Each structure stands twice: as C-alpha cells, then as structure tokens.
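What follows is a set of notes on a single structure, which appears directly below.
Going in written order, the chains are labelled A, B, C, D and E, and every chain counts its residues from 1.
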Amino acid sequence: MASAYHINPSRRRTCPRTAARVAVFAFAALILCGLCAPAAEAVEAEAVETCVPTAEYGCVNGILQTVGQKPIAGVNVTLGGTEAGETTTADDGTWAFKVADDGTYTVTIPQDVANRHGFATNSAEVEIVKQSFSKQRGVVRFDKTAASDGTSKSNSASTDAKQSTSANAGTTSAASSTSSATWTRFCQQLYSGIIFGLLLGLMAVGMNLVYGTTGLSSFSHGEQVTLGGLMAYVGTQMLHMPVIVSAVFAVVIGGLTGLLQDQFIWGPLRRKRVGTMQQMIVTIGLSMALQYLYQFFFGGDIKGIVTSVPEGIQLGPITTNAPALICAGIALVTIIGVTVFLYCTRLGRATRAVSDNAALAAASGINVDSVVRIVWTISCALAALSGVLLGIYLNGIAWNTGVTLLMLMFAAVTLGGLGTANGALVGALVIGIVADVSTLVIPSDMRYASALAILILVLLVRPQGIFGKRNRIG
Amino acid sequence: MTIIANILGELFAPTTAAYALAAIGLNIHFGMTGLMNMGQAGFMLLGAYGFAITQMHGANLFSSVLFALLLAAVYALLLGIPTLKLGPDYLAMVTLAAAEIVRIVGRSTSMTNITGGSAGIAPQDFTTQFEDLSPLPDGTSTFLIWTYNNNIANSWWLRIVAWALVALCAFLCWRWFRSPWGRVLKGIREDENAVRSLGKSVTRCKMQALVVGGLFGALAGIVFVLPRSLNPDSLGRTVTFYTWTILLLGGAATIMGPILGSCVLWVLLTAVKETMRVSIPPTVISSNQIEALGWIIVGVALMLLVIFRPQGILGNKKELAFNG
Amino acid sequence: MAENNKPPVEAAQRKDAAASPAAQVKEPFYDLAKWGTKPPEGEELISTAYGDKVTRDLAFVENKPGVHKPDPILVADDVVRRFGGMTAVDVGHFEIERHGITALIGPNGAGKTTFFNLMTGFDTPDTGSWRFDGRDMQHVNPEHVARGGMVRTFQLTKVMSRLSVLDNMLLGAPDQPGEGMFRSLFPGMWRKKERENREKAEALLERFLLIKKKDDFAGSLSGGQRKLLEMARALMCDPKLVMLDEPMAGVNPALKQSLLDHIISLREDGTTVLFVEHDINMVRHIADWVTVMAEGRIVAEGQPKTVMDDPAVVDAYLGAHADVDLGDDAVLEGLEEHA
Amino acid sequence: ADASAQADDSAMVVGALLPLTGTLAYLAPPEVAAIKLAVNDINAAGGVLGKDVTEVEADTSDGEHADQNTSAAQSVLSKHPSVVIGPAASGVVKNVYKSIVAEKIPVISMASTSMTLSGMDPYFFRTVAPDAVQGAVMGDLIAGDGVKKLAIACFNDEYGTGMRDIILEKLQSAGVDVVYGEKDAFDPAETNYASIASAIKESGADATLIISYDQATPLIKSLASAGVDTHKLYLVDGNTVDYSKTYDAGLLKGSKGTIPGAHVDDAFLEALKGTGTDVSDTTYAAETYDAVILAALAAEQGGSASGETIQKNLASVSGADGGEQCDSFKACKALIDDKKKIQYSGKTGIGAFNKNNDPSSANIGIYAYDDKNVNVFQAMQSGEVPSE
Amino acid sequence: MNATTAATMHTVGTRHHKKKVARETDGGTDIYGLDGTKNAPRAMSRAETHVGEPEGEPLLDADNLVAGYLPGVNILNGASLALHDGEIVGIIGPNGAGKSTLLKSLFGLVRIHSGALTLRGQDITNLRADKLVARGVGFVPQTENVFPSLTIAENMRMGAYQAPKKFDERFDYVCSIFPKLGERRNQLAGQLSGGERQMVAMGRALMMRPSVLLLDEPSAGLSPMMQDETFIRVRQVNKAGVSVVIVEQNARRCLQICDRGYVLDQGRNAYSGRGRDLMNDPKVISLYLGNLEEEVEKAGQ
C-alpha cells in the first residue's frame, strides 16, 4: 500500500516531463525510421488479431478509439524499433503485434488521424521484455487529448469524489458540474444511509427489547439476524418458494428459536437468578455455537436470497429500486409498530415494568416469565425479519453477516438510549447516515470509525443516550 | 500422546498467558471497579503497536515495552477523562467503539507508513531482539511431554517470560485486592455515589484502575503478538469477547480466576478440536464441518459452564445473590 | 458455631424454653433497650457544653425564615434548582448554626433532598452560592465536599451490596494512606491505620446493632439496617457537618430512641448535625433549631416549639390528625363527610 | 533437530494448515481435496521412500482468530510433519511460519500472494505467484480493452491493496484514468455496498475492477442495481468464480477475470471430486496439489523425509537446475529412481523455485464470463516472476 | 419504668453484650445462632401465638414458617401469622427481625423451606407472585417499590394490571388521596422524592383492590400528614372489605389502627395481642416501641 501513496505525487510530477520526452523520442524515431527503415526490415513483427505473450513472443497491442471511446477502424498502425511491422485496426479498434525480441518499440499512427481526433500525439514507445510479466506486453493508446490530459491530471490530483466530472466536459463547466455531482452524491449517500439505518434499526429493535426487558445485551442477536437471512435463502433457493413465503417462513423459524431459547436457556437462568453479565457470556457462547452451526450447514460463502437484479428507479437525484424501498418501508412500519406496542399496550408496559423491577412486576400481577418469553420470541422474530430484508437489500447473507453488524446494532441502541424503543430507530439512523455520508470526506474503510466516533461524542454530551432519561441521585 | 501433549500444552502456551494477562487487567476494570470495558483488545492492540513499531525502528527492548505501556496509559487517559462518568452499559459501548476505532484506524490505508495498514507488521521486524535476549541455547528442548523451540516464536523463552509476567501481575492484583485501595475500587463497583459521598476520589481511582488494567492489557498485547505477527484484525472484538468469557469463566473479582479461566478456555478449545480431528473420519462429514463442529461444541460447553456455574469456577456464589 | 459459644442469654432461654415453653415464650431474646448509648457506668455523663452554648446563642435569634445566626457553619444564598418547569429548590438565605442540631422538615417533595444534593455537590443549582466553614463550595465536586467535612447520607440508601458491612464502614474512614494505588502495595504503610479504623467501625456497629452482621454482605441487610449502616458509615468520617436524610425512617422506635442520644453526643464531639426527618417527636426531642421547607422555599424557621405550633406548619405539614387517635371511628366518618 | 531426526527414518507426514472455518472457509474444500488427491496419487505410486505418506490437518481459521493460527501450527508440528502445506492467506502465513521454519520444516503456501513474503525465509516456499504478476496482467487487460475511466472497488487487505498498487502502476503508463478507488478501499468486513456502488456510479467510470474475496457476490449486485455496467467488470482470483447459480443469466456477460495458474482441465476437477470432498471449483487446488507432490519428490530425491532434506531438494526437483521434465509423481519418481535429475511440471505450470523460493515463472489465466455467468477460459499468459 | 433505671439497665446490658459479641463473631456464620434445625420445636397453643384471634377459619394463615434467602441460613424460624376476614393485622419488631421476609415469603418472593401457608384454606406455599395477585393478594414492598423508568400514570396502570378496564375510576380515587400523583402523572417515578415514591407505591396497591393487602412500611418517608392520611385510608379500605397485613416501624400509629398485632423478633413471634393492648404493654414499649413521645412531652412541660 505504501506504493499507492507514492504513485500519485510522483506521477503528477513526472508526467509532463515524460510527455515531453515521448514527443522528442517520437520525433527522433520518425526520422530514424525514415532513414533506416529498409535496413531494419530484416526482422518482421507479426501482425495478429489478438496476442497473448508466451515464452517466445511478447506483444505490442492496443485499441484505437476516439476520446469518446468510439473505435476507429481501418487505420494503419506502424510498429518500429527492434522489429517492424504494420497492421490496420479492426472494427473494434484493436490491433496487435507479436514480437519475438526484447527491446524498445515505437508505435505510430498517421498524423492526420491523430489530428482529426485531437490526440496529443501519434506515436508511443514501449519496452518489451518477454520474460517479465510487467514488460512482456506493451499496450499503446492514443486516446488522450492535449486538453483533457490537463483536466484529467488535475482531476486525479483532487479527491475521488470530485473526479466524477467527465474529462471531456471541458474546463468551463468543471466547477459547477463538480458541485452538482457532489450534491447528487450527497443525496445518494444520505439516502442509502437512511435505508441502511432503517434496516439497522429493525435489527437493533429486537435486541433493545430484550435489553429493555431483561437488562441483557445479547451478543447472539447477530446470529438471529443471520438465521433469518439463511432461512429465507433456504426458502427461495433450496425449497424454491416465493420470496414472501420464504420471509414468513424465516420469521416463524426465528420466532420459534426465540421461544425455545427462552424455554431452555434464559428461563432457567432467570429462575436461578443468574446475573446479566453471566447471561451475556452465555450469549457469547451461543453466538459462537450458532455461527459455526451455520458454517456447518451452509459453508463459508455468501448466499444470495434472490438472484435477479432489481430495476433502478430514479427519484430526483437518487437512484434506488423497488426492493430497497419496500424493505425500508417494512422496517419503518415494524419499528413504529414495536414502539406503539411498547408505549401504548398493556403488554408493552409490562415489558418495561419487568425491566425496571421484575419482583415488583410480579407483585403487580404480571407473569414475568411469560412476558419475557414473548419478548424473546418477538425479538428473535424481528431479528429474522431484519435478516430477510437485509439479505435482500445487501444482496447476500453469510454465516457472519450478523456478527459483523452486531457492533453497529449495539452502537445504535446505545446511541438512542438503551432500552428505549424509538431510541434504536433514531440511533440506527444516525449511525447509518453518518457512516454513509462520511465517505464523502474520509476513506470508506474508515466510515464505521466515524459512526462510532459520533456515538462517543453524543454520549459525552448525553451520557444516557438520545432518548434515555436519568434518574435522580439520593 | 501428542494430542494430550497438545491439549495440556495450551495450559501454559503464550496465548493462554496473553489472555490471562488481558483478563487480569479486565478483572481490575470490571471485577474490582465495575468498569464494563468492552474494549480490552484496544489496549492490547495499542500495546502491540507501541512495541512492534518501536522495535521496527530499532529501539531497545526495554524502551519499546515502556513505550507500549505509555501508549496504553495515554489511551486510557484519553478514554477515561470524558467517559468515566458514563453508566456501565454506556461505558461498555464507548470502550468497544474506541477499540474498534483504534483497529480501524490502525488498519486503514492511510496509516500504512506507520502501522503497516491491514498487513500489519511481520514478525521478523519486531521479534528478533526479544528472541536474541534469551539465555537459552538455540534449538529445541523437550520437557516432560512437551517439545518446543527454545527461542523462536512459540518458544520456551516466551513461555517463561509470559508466565513470569502473569505471576507478577497476579501478585500485584492480589496485593491490591486486599488493600484499602482495592476496597475503594470495590466500593465504586457497587455504588460510586456512595463512595463519593464518603470523600473518596472516585474519578481518580477509576482512572487509576482503567490505566492499570490497560497496562496489563498492553503487556498482554505484546505477549500475544510475539509468537505470531501483528495484524490489527487479530486483535479485534473477538479477543475482547474471549477475554470476558475467560474472566467470568474463572470468576470475576478473584485472583486466580482469570488465569484459570484462560487455561480452561484454551485447553477446552484445543481438546475439543484435536479430539474431533482424530475421532471423526473426514468421510463422515467434511473437514470443514469437523472443525465447525468443534467450535459448536466449544460454544455449547461455554454456555453449559456458565449455566451450571454462573459465578465462575472460583467465584463466590454468595456474591451472585446480590447481582440485582 | 460450637454450642458453648452461644450467647449466654440465648442459651439460658433455650433451656428454659425446653422446660416450660409456654411460660417463656413471651420473653424477648435479648433486651434491645439495653443497647443504648449511655456512657458506661462510672464515667461522666457526656458534657453538655456545646449544647448549652448553642441553646444560649439561638435563644436570641429571631424566628423568621432566612434569619442570620451567630456562628453559621453553612451559609447558602439564592440557591435555585429547576427541573423542567418545576422549581424544586429556591432558597433565599439559609444558615446552619455551628454545633447545633438543625432539623429540616417539610412536606414530601418540598425539595429537602434536592437541597442536600445541591449542598454536597451531587447536583448543580441553576443559580446560587454557598459557603461551608468560610469556604466557597460552588462547583466543588462531591468527594471534595465530603473531604472538606460535610458528609451526607442518602434517603434511598446506598449500601455497597457486595462488600461486607465492615468494609462498608471502613470505606467511611478518612485519611487511609492505603487508599493510594502505590502505597496500597505496601501493607506496612497502612496496617496500623487500618486497625484503628476497624476498632472505630466495630464500636459504631455495636451502637447501631449491626455488629453481628459485620462480615455479611451489606446487600443482605434489611431496609432498616441499611439506614443504620448508612448513618454509621457517615459517622466514620468524623465530619464537621453531617447531613442526615431521614436517618430514622424505618428504624425501630426503641433503637431510634437510643440513637438519638448518640446524635446528641455527636454535638458534644463538635459535629454539627443537619437532619431531615418526618418524626415530629424526634425533631422535638433533639433539634435545637427547626427549618421548614415547602415547595422549595424556606417558609419558617425557629425554635422547635415555636415552629411546631405555627398554624401554617400544622396545616401544610403536620395535618389535622396529628394528635388524633387514628383508631377512632370518628376519623373515618369525618373523612366521609368531607368527601 | 529433535523433530527432524525422528522424521529421518520414518514415513513422510504432510501437515496441512487450511482455513477450514472462518471467513476464508469457502476456499478450503478444493484445497482439502487436492491434498487428499496428491497423497492418494503418491501412495498409489508406492509412497515416498517406500512408505505411505500420511496427512495431518489443522484449522488455521482466519486472521481474526490469530490464536487459532498458532495453535493449529502447534497441533501440526507436534505430529512431526516433514513439510507443512499452507496456510492460504498471507496474513496467516505471517502468524505461523516462524515457529515451523524454526524446526527446519519447510512451509509451502498454496495461496499466499503477498509480495512481502518473497524471500522471507529459506524454508518458506509458495506455489503461487505473487500479486505483482497477476496485477501486471490485469493492468494490461484493462488498458488493452480501451477502458478510459476505471473505478476500482478494492478491499483494504494486504492482498487487495497490494494488487491494486501494481495494477495502478500499469494503468498509469497506459493512460487509463482511475476515477474511483485510487486510494479508497473498503473494509473487508463490509456488508453494505450501496454507498460504494453509488459512488462508482457517480464517478462515471466505464469499467469497474473488483479486488476482493467473496465480498464480490453482494458487491456486484449492488453495482448492478446502482446502474453500473456489469458487463464491464474486471475480477481477480479472489472472486473470479462461477456465478451461474448466484445471478440471473446474462448479468456478467463480457466481464473478465484473471486467475493465476494453468487452466486446469475438467479431469482434475473430477479427480478432486473423487476424493469424496464436496468441491465445486478448483481455486488453488492445483497449487495445493503441486505443493504436496514437490515436497514428496524432494524427499524422494534427498532420500529422507526430514524437513531439511526436503528444503534442500525442493528447488532442484522443481527444476531450478534443469533436468528431465515429468508431470506426475509416478513419472518423476521413476526418473529419480534412475538417478536422473528431474523437473516437475505440475498442474499449475509454475516454473522452478527462484532464489526467493517463489515460482520463477507463472501462468495467469484470463477468463471471460459468458451469458450464463460462467467464467470461460480465454487465454493464458505466462512469464517470469520478478525476483527483485 | 422511669428514665434513671432504664439508664442503669442500659449500661449493664451494653457491657455484657460486648463480651458476648466478641466470642460470637469469632465463631462463625450462623447469624443468630438460631439455625431452625437446631432449635427445639415450639410447643405453643394457637391461642398463645395468636392472642385475641377471632373465631373461625383465618383468611390467610401462616404457620411455623421457616424461610431464608441463602441456602443454610434461615431468616424466619417458625414465624406464624393469621389474618381473618376484615382484619387489620400489624407486625412490628426490631430491624432485621424478619418482618419483610415474612411478608415476602407470604407472597412467594422468598422460598419457604417448611411450614404451612394457606389462603382461604388452600395451600399457597411458594406460589408464584402473579398467581397470588390473581387470587386477590396485593403487596407493597419496603424498598424498590416503584418502577423508576415508568411514569406515575404507568406505575398506576401496573397496579391495575389485571383489571385494566377499571383504571380510570381507580386512578381518580388514588388521586383524591394523593393529589400530587394526579398532578405529576407524566413524571417518571425515578425522579420523584422519597416520599412521593412512597405515595406511588401505596397508590399502586390501592389501584389493585385486592382482598388481602400486604403492606411493608407504607408510611416510611411520608410527611406526618401523609402518614396519617395513609393510615386512615388503610382503615377505609379495610372497612370496604380488604383484609390488611401491615408492617410498620411507626409502631404506635400502626397499632392504633390494627385489630391485632404481632411482635416479631429474630424470625419468630415474640408477642401478639390486640393492637391497643400491645401499645400499652410496658414490656413491648420498653423493648420495641420506646417512650420517645412521653419523654418529649415530659420535657415539654
């Protein structure tokens, strides 16, 4: 990677010089060719349609096309240097020579063709070393204008984000089109951030429910998400069911696992009054077991739930597609539903009561066990649903998809305020948007770092999360 | 026989020692002070970076270790000053996030010149000084049923140093546990406002605990990378989770718990995987599946251990009753 | 525990119980009232010097809110704390007499606890300043407040559950050098102090009837025992001013009575006491001065007798039934009439 | 010394360190099969030094489980292997090689392509060419196709960024503009490619190069739904696989990919399947197979199954100092029995080991996707591996 | 008993005790040396245990309960309690006597190891709390008796959990007693003052309308006025047909409204009798009730 860093500056510095040198060489070569062409004709380079370098032959080849990438057919290409040859470009603009000897070659096209298409130069030089991978083939292109050369260079100097300006747009509108492109990019990133945030919110809301009811941060929640996706995969790709049916199937299986888990693991642990820290370790163990269980059955690769690629829809500056919108819609509706459930239904209030003080909840006539069981079931079902949506939206699900997203889920619920239902949604949206929009300014491999940094910053200002409330001291 | 040697070898493998060190540090954080540090791997990674980078640039061993500790201490301070006022679950998240940020930044392409980016730092660049320091002769030695190289990588020399460190840290921990300082930390664990109302400097003690635990973490990081290479991804969340598992498996707020927990976890893991390798012919299920099955069993075993001994192997059952 | 280690009283009781259970069953297992804090036989009864001085000084102070006192240890000015739209505390001027026992009373939600929180740095007021012993206490954090000699207890008790009762007490002790990280590694540096603290703690626990539980986790204490521990722990600090937030709520009346003596003896040790309490008898019994808070403000101040007879206080705080036997059916009937 | 002394008169034991679990687990099946196949072939030809070769495996998992890397190495080491085949990923190699080479046991990796591994240790070999080679071929391929503006979706991993830098160098000299991804790389643990896809779309690139492992599966779809032309994708060995079951037909038609190693014929795939392992592709199978055979031949030639002997003879049996060509263990063994120098030319078509213990020459296969999304072999480019 | 004799008695007692303790704490863990198993079984007639008990079958009958939190440590060592229909029964005793434990064990929150517990003749030993609520038993714990992150109104709703339809009507009733709760209905209970919390707890119980109400120190932390209000309401509720068991440290007030009272000490019954009798019993006064009121009055004169 070190080299990537050095390439750019050095390239910027050396390019003009190289260009100049090439021009001088070309001139010299022309003269040379004119003088000694008959003498050099002893060795002939073979013009071929396509050339693959081998131990015996190196290749000099290229494609002749306009700056706008239209192939230019039927143009004479002359090879000079160690070996000489001549060919005409094919319909797709390609041409190739097989050369037997190592050495320096010069490729020339007629000057008038170069002028007509506004090429900067009409000849180029390559070095061929048959045995060396990096030199056994020389690719020669002429499709560079003197003007666009300059633009593209300044472009490559600026950040990737701004490079979207097409090189041949010229220099006049460069500034304004750059800003509008940035604006489009921004909208698009914001949009994808929101969609991802919604999905993340859906994933996190189940985890938050469990936390809100039992105080347990479930590390196996990621695996529940994965389970949903994998079950949908089983539905669509193995049982060949329609997507909707598979989704329902996945959600049912997910809910069922929640129910069974509570029956056989969490219920007994609660009854033994095992602390949440200990239960958390159990979830870590469970997470481990489940991850490898998935690997056991599904292997280590990424599974696609649907094979088709949805058609794009243009919404103002935003490109999207129907499945993404539907996924986001489902996520939003579900999260709102959960919030309503928590704050406006009797059972919802009961879950919050249980989280506050289970003994007192029991003393109020709440069947704590069954409330918690319902919560686990709902939580796992929601996780499964989010797994399905995620698998569709992210175009694939693997044994470790859930666990890689777990961190973000935690971040989302914490940011929103642990145990608060709408907190998961808002937190997830913040994380999603920050992660996606921050790619406009920072490298994308660091985008989650920026989301996490936001989390830390918010917590410094609001230690109880966005929606958390503080109790009094004393 | 080799299987048994392998399994029992994990008892005192450098990795086991590294995790034990990390867990001792975490024990100071969580077991004593109640700080839910979910980012112990962050301390380890910083320690490892501090050590390896200075070694790479030719610093001597002692100053490298010192630098690693310094780095971890500074990180602890930076992390602690703003965050120690957070509630436990929120602190957990912040430390987890901070550790991830350390890793993500460390592996990012923009840091390649310093940290080696995603490739990390190769062992030949930072282990030689340590290996040269060994008083042992070159070659391989066998002790009882175990044969290891004397000096290189996963060696006897590293084992000796690592376990000496573990012993030292455990001793310190033991001293602290039974001292008034330890009592203040435990008070903070239970209710920091109560401790505050009694005039103890809660912030200072928490910070001390965070730094000390972090320093142990940094040492753990060094021990962790010495037999292998420094790769930021190998000190990620998984490591933190294992450390927690080890701590609670052995018993939080006990001296020997972290060490025992580490031994149990790695011995268990190796035992299961080794046994699976030899006992299931790959014709029944594929090699991939055998290894996966091994992990499944370990996961389930962990769950069972906690379910049937929630206070940890050495933990006090009575404490559990007041977990709330 | 070996049989012969049984407390003699108990052993005797058990023997008797076996002999004639019916006769013996009404005997208590031990006599609580004996556990009072009266000085041991032969020794002087506690001096009353400070008490007398305070009584003398306060006798001439006017009984009106915000009045100046001869020798205040804590002076608060314009302390206001709002929660959202509600003003929880709005104290114009308030002084606490040094060496006095001041009672802070007032209806529920009057802002007493919040005032405690503000004074001790656990909460920050919107405006206001206060001085403790001549030192400005604004923006001082709780630990420094406590180290400065102003120690408080919590109404909703805060015991350190997974620490033994004795450890809870030892945490209250000030100036333990072993509480430094490095010094703690060398037991030689703190052993002696530790021993002294332990003795003191045990003496206090004994007074507070907690000695038998000293090695148990504090989390296993009953509600009342927690209150006791909370108070005993605060007294470990030898504070200049101790602020007790309903120390006796939930404490058995017999024990309460004996602990009042202890509070009085604190005064003679030079400690100033500020306490919140809803037990009027206790206030009457030990308070040198009573301050009444309502809706965040100090509405009345004065000698206990004067304040307690203030009709406004009776109305807002003591209520119409203060001197009525609640078992009386007339009370219920009166209620129905009102309704 | 102890370990190899023991190995001296005993049969050859092939240790294998494979990513059987973890993020690289999808690569393991062909490797497992190839080792089995090689061992079977060797034993069918009478074994090494008259004794049957046995194989021991351990799971290195992935870089995130570094503790497993070393304990797997320890596990294999304790079984006194004569040679260790693997590990696959460069990062894992760095985690384990030292403790193995310290025992004077050669490590032959079949898939680690990082350039930093060249000449790392006399006991470290690999049967796959470093990324420089593939990168050069890929760069030429892209330039030769007339791409003007290229977007690179590269993951931030030693393999990813290393390869990208080589390609960038090539592209620059050919005048291809990189409009996205010159510096930007995504996290290997990335799951959400929407933003990368939209960035690529916005960059106006006319072709996209994807350097990744199987992250490509969701990435390609994200690209497609963002409206990026999926007929002009360039894939590398980490992701040039058969996508016929993954996507609707036609999605990738025209896209190209490169894979190091000779194009293996279907017979080899059948043979792999014959070992009872569930394999669907041959990624790194040939490299693995050759590694085992080379080691066996080295033992055969050196007359001992000790690590040191194998290390000494590996270069020679691979043809470093000439000899008669042979292409199977059986044939080569016959030549060795005749006291002839040999040059093993195996399934990968790599040349003899060079002074860095890299293959001195290598083949890079160029593949193009047909309308069923199957990668079809187009051409093979071979040449010398740079050893500077 | 006058103050001087009391004082001499104290002195002796204290000293005596000090030695005793020193020896005892050396020994071991048995908190009171009263491990239920070692104790001789009590041979007391029902009349002695439940002095003044009315005729007929008790509504709630706890007989000889042995219960504890940790294995091997019993807190209750054979405590008995009978509650008849329409009664208010008070329990008083020193701190740590096991009063709360007794209530909790009645309510299934502490495990009963031995003894009989019946409600209307049916065995309810270790029955789950929510099932007891369904059978008409209500309970207000001593500590942690509100849901801090729920609002006041929601806390009240939890009180009416098993009869959600009656919420409005009952909430109005509760608000008439504690007007503050109505005013602050949307405030989180966790932000309330100690006394306000207590009101919430009491209000929650009143929302429940049980047939048996177990109250653990409902008046603690309340202002005198509110304390009186609480006691009066308890009586009022009782008149409406609810039988009440009330644990109180405000013993005099409590005994005023009680039909009968029990004195609990070290996990077993020490005294029992009609409320007024206990209140005036000099023994009970000196041991458990104290004579602060008298002393204050004396001083006042």
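Just so we're on the same page, contacts are C-beta pairs under 8 Å (C-beta built on N, C-alpha and C of every residue); 3 or more make two chains touch, one makes a residue touch a chain.
The structure presented is a predicted model; accordingly, all values stated were derived computationally and were not measured.
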Each chain counted as touching subunit A and subunit B at once: C, D, E
Interchain contact steps from subunit B to subunit E (minimum; 1 if touching): 1
Those chains which touch subunit E and also touch subunit A: B, C
Chain closest to the assembly centre - both centres taken as Cα means: B
Chain located farthest away, centre of subunit E as origin (C-alpha): D
Comparison of A-C and B-D (more C-beta pairs in contact): B-D
Inter-chain centre distance, subunit B versus subunit C - centres from mean C-alpha coordinates, in Å: 46
Distance between the centres, which are taken as Cα means, of subunit D and subunit A, whole angstrom: 25
Intercentroid distance (Cα basis), subunit E paired with subunit D, Å: 76
Interface hub residues of subunit A, defined as touching at least two other chains: 1, 4-5, 292, 295, 299-300, 443, 445, 448, 472-474
Sequence positions of subunit C contacting 2 or more other chains: 113-114, 122, 154-156, 220, 245
Residues of subunit B touching at least two other chains: 104, 107-110, 112, 117-119, 193, 288, 292, 294-295, 318, 321, 324
Which pairs of chains touch, using the document's own definition: A-B, A-C, A-D, A-E, B-C, B-D, B-E, C-E
Contact set on subunit B toward subunit E in their complex: 318, 321
Sites on subunit C touched by subunit A in the complex: 113-114, 116-117, 122-123, 154-156, 245
Residue numbers on subunit E that touch subunit B, as the complex places them: 69-70
Subunit D contact footprint on subunit A (complex, rising order): 1, 3-5, 7-8, 11, 50, 52-55, 61-63, 65, 67, 69, 71, 93-94, 130-134, 136-137, 139-141, 143-144, 152, 155-156, 160-161, 163-164, 166-167, 181, 184-185, 188-189, 192-193, 195-196, 292, 295, 299-302, 304, 307-310, 312, 319, 321, 324, 390, 393-396, 398, 400-401, 404-405, 435-436, 439, 443-445, 447-448
Sites on subunit C touched by subunit B in the complex: 120, 122, 141-147, 151-154, 158-163, 167-168, 170-172, 174, 176, 178-181, 183-185, 187, 190, 194, 217, 219-220, 233-234, 236-237
